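One chain, chain A, appears in both complexes that follow, with chain B as partner in the first and chain C in the second.
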Partner chain A sequence: MRNTILTIASVGLAALALYLLSHMQGTSGLLSALTLIFIWGIAAVSLNLINGQLGILSLGHHGFMLIGGYVTALLMLPAKERRPFRTRLLSDWARNDLDLDKWLRGLGLDTIANSVDLKFVIALFLAGLAAAFIGIIVGAPSLRLKGDYLAIVTFGFGEIIRLLPNAPQVAAFTNGPLGIKGIPGNAGSIWWTFVVFLLVIWFFSRLKFSSYGRAFEGIREDEIAAEAMGVGLAYHKVLAFTLSAFFAGVAGGLYASYLQSVDTQTFNFFVTFFLLVAISLGGLGSITGAVLGTAIVILVRIYGGFLEESHTAFVGYISGAAVMLAAFAFSVYIRKSRRLRPVVEPKHYIFGGLGILLLLVALLFQGQPWMTQKVQFFGMRRILLAVILILIMIYRREGLMGRAELAWNKVFGSREDIPSDEQRDQDAWLSNPDLNPGAAKEDDDASA
Partner chain B sequence: MPLLELRNIYKAFGGLQAISNVSLNVNEGEIVSIIGPNGAGKSTLFNLITGVYKPDSGDIIFEGKKLNGLTPDQVTKRGVARTFQNLRLFTHLTVLENILIPQHHRLKTGWLGAVLRLPKYLREEEEMRKIALEKLSFFGPRLMSFRLHQPVYVLSYANRRRAEMARAMATGAKLLLLDEPSAGMNPKETKEITQIIRRFRDEGGYTIVVVEHKMNLVGDISDRVIVLDYGEKIAEGDYKDVVNDPKVIEAYLGRKEE
Partner chain C sequence: MTASKTTSRATLITIIITLLLVALLGWRFYSLGNYTLARATQDFLNALTLGSLYALIALGYTMVYGIIRLINFAHGDIFMLGSYLAFYAMALTPMHWAAALLVTILLGGTVLLVIRALFNLEEPKKTITLALLLFAGTFFLLAFRHMGWIEALLLSMLATGVAGVLLEAVAYRPLRGAPRESMLITAIAASFFLENLGQLLFGPRVRGFNAETILNKPLSFSIGHDTVYFTGILVMVPLITALLLFVLNTFVSRTKLGKAMRATAQDAEVAQMMGVNVNQVIALTFFIGSILAAAAGVMYSIRFGQIHPLMGLMPGIKAFTAAVIGGIGSLPGAVLGGLLLGMIEIYAVSLFPTLSAYRDVFAFVLLILIMLFRPSGLVGEDLTEKV
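So, the complex of A and B:
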């Protein structure tokens, strides 16, 4: 009860914050960053169901997103945007009749057809269904494979799906490599993504903490044992794959309408790669972690621009020194907090020494011409992301959140897995022969 | 009618005849031990019964129905559950979750109902938790209270063995196949396991097949002992008769040179 109230309150607060942000000046950058976090968050959470909870490495997620993107685009494209399609690729049917608006009016549902928002909901749902359908077709034969083999097969299927829109027969619907432009953009606004994001988080957290979620995690922990305990592997794998594909399709639809265009390069393999980085950063198997990882990656990419601007060499030296000193402080902290042998070894002082050296160089030669000349580091954002990823893999391999979720019980409640003093005594009594002479006597019997 | 019946089972891996012409019966409420030297085919027999391997020929009949050709999860649904020789718990999940997963196959609500937390699902979940606690209480207070919420990897070895038995019980099976339940346990714990296996039958109403190397445990609990050697059944009967059978002694110790 308390948890429900807290959840509703924080969702309300988030909505209020969004409302205020969208009415302030100069926040459009932040708003589009948030939109992207929500969209890619949905995709990351859905990939997390397969890669984190089910423990299967799937590399075909961009294919499902692409299907969702194209389906949403085709269904939502307004009539006046269809006419300029002068290309011979597009068939007449796709140009004139592949239109949700027309279908709805044909069914006499004019009220729905008049509202772009309602149409968008329907289009997103159909996009998800299309992706889920392809998910079953791809998943059913390939999920009997394991490990690397499955990863390669899913990658292959993902690429096939991505390249299909270019094939002449399919291009009759998809306009080939030119893609589709002019999707109504207001449907991809921050409110839409926010609401869909909340629904997806709700869905996946409910799923994770249900019997089905436990079955998925059982398969991840030990496939043979899970099967021996009555968990049908084929059914559960295909189920997870399909659900994941569905929400990947929804994310793809949202992204297409955010961009207002879609083509085969919108969802290339780097999409899956980016999602994998995000969920490994946040923690495989954790929904909170998937969202957190996505947020980190997107924020670094959007707000990391200053890293790639042109600075004087002086700034470069100072920031190099700062990084080295931070690394020194971090390694000292890690070492000192070890339980066994909390010693800082000489090699760790190398970082500190280098940092101080750089700092000295920077300060001593401050006015020199080679110090004031401009330098520019292209690609620093990606390097920064890569460094973050490396550090996480070395120091916290399970990701920022591990498999844990952010939960009210963890914030406020007591931890059930830590024994009370009474329970600790009881436990000692069970295993200590001095306290429990009965147990010791049994022991004698057994050895006799 | 026997609960489990194996009729002329053959299984070969390439050129190696792992099981040849093994027939055996297990009656309801019995504790049957299968013993034999290393490589005799004991674990293969378990894998054949539980559907991990398919027999080359022969029938496996449980409660009058054939188990041949079923996958392991279907076999478990029919009522045969096993433990593993080298523990196969869900290591990163809590003890309680480990005991809930084997009950998943009895869930009648679909995934959408589970996500929506329909009243029917909540009732089933409640029931699953009750059964889990009931099965764990078989092992005394060791796995109860705070241990329920600890991940399995913090448990001691003996507690893991107990958890694995509780997990097999929670599938709702009638027949438990225990693969070396006392492997790696000290004499005190072995004795406790002996009592627990007996309580499985007397209080839990399970029928039990045990593969075991510790002869005093086998002698303590078995109603019947079956000896395998090179994939063939060489003896069957009372523990005392079997261990004095010259064929069994030969299988374990070799023939005396004349």
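So, the complex of A and C:
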């Protein structure tokens, strides 16, 4: 009861904060960052369901997001605005009859057809359904595989889905590599993403502690044991995969409508990589962690822009040296704290040596023209993300949160989910046949 | 990595597939009429070249997978690194003597250390000879004249091999014994790291790879009434590939280190108990795989004439598909798969021009079909996990 009230109160507070933010001046950057965190948070939480809770590495998430994005775009765009699309096979149908407006009016739902918001809800839902349908098609055959084979197959499916919109036979729908532009929709306003995000989080946190969630975690820990306990492997895997694809589609739809355009480069493999960094950083298997990781990664992407501005080569050399020396110091620190000998491994001298070399070069040739020219470091943020992911995998595989969630009980220190010593003793007495001979007998009766 | 047991089956399958391809070709030939023998020859040369390149890259995937069960996602980017190193070797020579000396000391020193550790050259005499050879050779190549493609190829192969060893030491070795999913994620991250580092260091734009050799001169010969047009590189690639394969085969089957590699691939733990230095063998595997990838990268760049930092993506994935087709973990399988994939790609596009938009999709469809219905590939061992 207390927890419910606290949850509602904090959601209300968050909504109030958002309301104040959206009415203040100069907060548009922060608001778009929050919108992106909500959208990508949905995608990360849905990927977390497979990669974290079910323990299956899936690399095809960008495909499902792409399907969601394209379906939303096609449904929201009025048919007459799609005239410049190339006319090929199926194009008459695509031009005249693929129109949510027309369908709704055909069903006599004029009130919905007149409102962009309600249409957007329906379009998002249909986008999720389309992605979920493809999710079943992809998942049913490939989930028989395990480990890296499964990862590669899902990767292959994701890339096929990404390459298909460019093919001439489907370009009548998708406008080929040019993509679809001018999508109406309201995901640009933060309220939409906020509400959908809350609903998704609510759904996933209910799912995690339901019997299905327990079954997923059982499969992650040990497939054979889970199967022996009566968990249907194929059913649960395909179910999780489909749910994940559904919410990936929703996130894709939101993102497409936020950008107001969609093409095949919007959802390339970098999307999956980015989500993988987010959930690994937060902790595989934790919903809170997925959101936290997404927030960190988005903030790096948005506020890390200064890394890619043009600096003089001197700055580049100095920061390169700083990174190398920091890596050297970090590795020495790690080995020292783990009491490993030798404290400095030979290969660590490479980092140290390179750092000192860069520093020397920078200081010796300080005034040279090639040292003062402006250089732009493209892709620095992506390099940073890749390095973060490698470091997490090496030094802290459980991420920031592990599998834990943020819960009110933890905030207040009352661990209601953990039994007290008294309860534990009682449980031990109840389940020990030597102390409580009646229990075993009851069980026998029940089974008979 | 066992070859003998499965060779007969591999031969049989190759013959069957070749017959199918020939049948398809003949049917198309008779039904269209404009598919001449000259065009078939040209396609065959193209397919053989592309297939050899795929085979060279696929060997790296398959060797690494055979030994540590890791899909080395970054292998395609190692391939990219190889072609960029050759590009710069050709573009920047002859260097100023001081710069050449600096590069010689850095590069030669690293290569010397790595090779010494990999090939057990403990004797001082051997080390000194190797050092002299390396330093003098590198300095000579860098300082005095414009480098030709053969020298650039050799230098790039050495340097890329060392880069592969460093990648393994920095990114993969700390994860030895970790879950395979973590290793795969690390490999993906390493791939992204190398791609973006390539964009940072080499610039994101496409560059022309002008090798200025006789290999790029157009040649021709005539069959019947038609003429076949080709370039020297189309003949050179299969020849160099065959040479490299011969050397690799000799190394793996005849030397002590090759035996250690095969033993590690069969069972790393037992091999370690028998006195094999598993870490050394794994580093050696990365060294050889990266060398082959660099050779493929340089030849690929000469063949297609341009390089850019993301060039490793598609060839990498296709070569991985080739390794899977042949049966991942098997060396003859990788070569077979590479050649087969090259044939399929070239002939499918040549015979059915409407399919050319799906050229890249082929590889993925094939990959998924093989993974789903025959995960062990054409000649590979059965890798399904048992309870």
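We take it that the second predicted complex is superposed on the first by the 312 of 448 C-alpha atoms of A that agree within 3 Å, B and C clash if a C-alpha of one lies under 4 Å from a C-alpha of the other, contacts with A are read in each partner's own complex, and residues count from 1 in each chain.
Here is the rule we go by: contacts are C-beta pairs under 8 Å (C-beta built on N, C-alpha and C of every residue); 3 or more make two chains touch, one makes a residue touch a chain.
Keep in mind that this is a model prediction, so the values were computed, not measured.
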{"item": "Partner chain in contact with A:Gln423 - chain B first, chain C second, else both or neither", "value": "first"}
{"item": "Which superposed partner A:Ile224 touches (first chain B, second chain C, both, neither)", "value": "both"}
{"item": "Partner chain in contact with A:Gly156 - chain B first, chain C second, else both or neither", "value": "second"}
{"item": "Which superposed partner A:Ala215 touches (first chain B, second chain C, both, neither)", "value": "first"}
{"item": "Contact residues common to both interfaces of chain A (with chain B and with chain C)", "value": "224"}
{"item": "Chain A residues touching chain C - in the complex, by the definition given at the top", "value": "57, 59, 141-142, 144-149, 151-153, 156-157, 159-160, 163-164, 166-168, 224, 270, 273, 276-277, 280, 347, 377-380, 382-383, 385-387, 389-390, 393-394, 397"}
{"item": "Contacting residues of chain B [partner chain A, same complex]", "value": "50, 52, 71-74, 76-77, 81-82, 84, 88-94, 97, 100-107, 111, 114-117, 121, 124-125, 128, 140-142, 145-146, 148-151, 167-168, 171, 187-188, 190-192"}
{"item": "Residues of chain C touching chain A in the complex", "value": "69-71, 169-171, 174-175, 178, 180-186, 188-190, 192-193, 196-197, 199-200, 204, 317, 320, 324, 357-358, 360-361, 364-365, 367-368, 371-372, 375, 385, 387"}
{"item": "Residues of chain A that touch chain B when the two form their complex", "value": "203, 206-207, 210-212, 214-215, 217-218, 221-222, 224-233, 239, 243, 403, 415-420, 423, 426, 430, 439, 442-443, 445-447"}
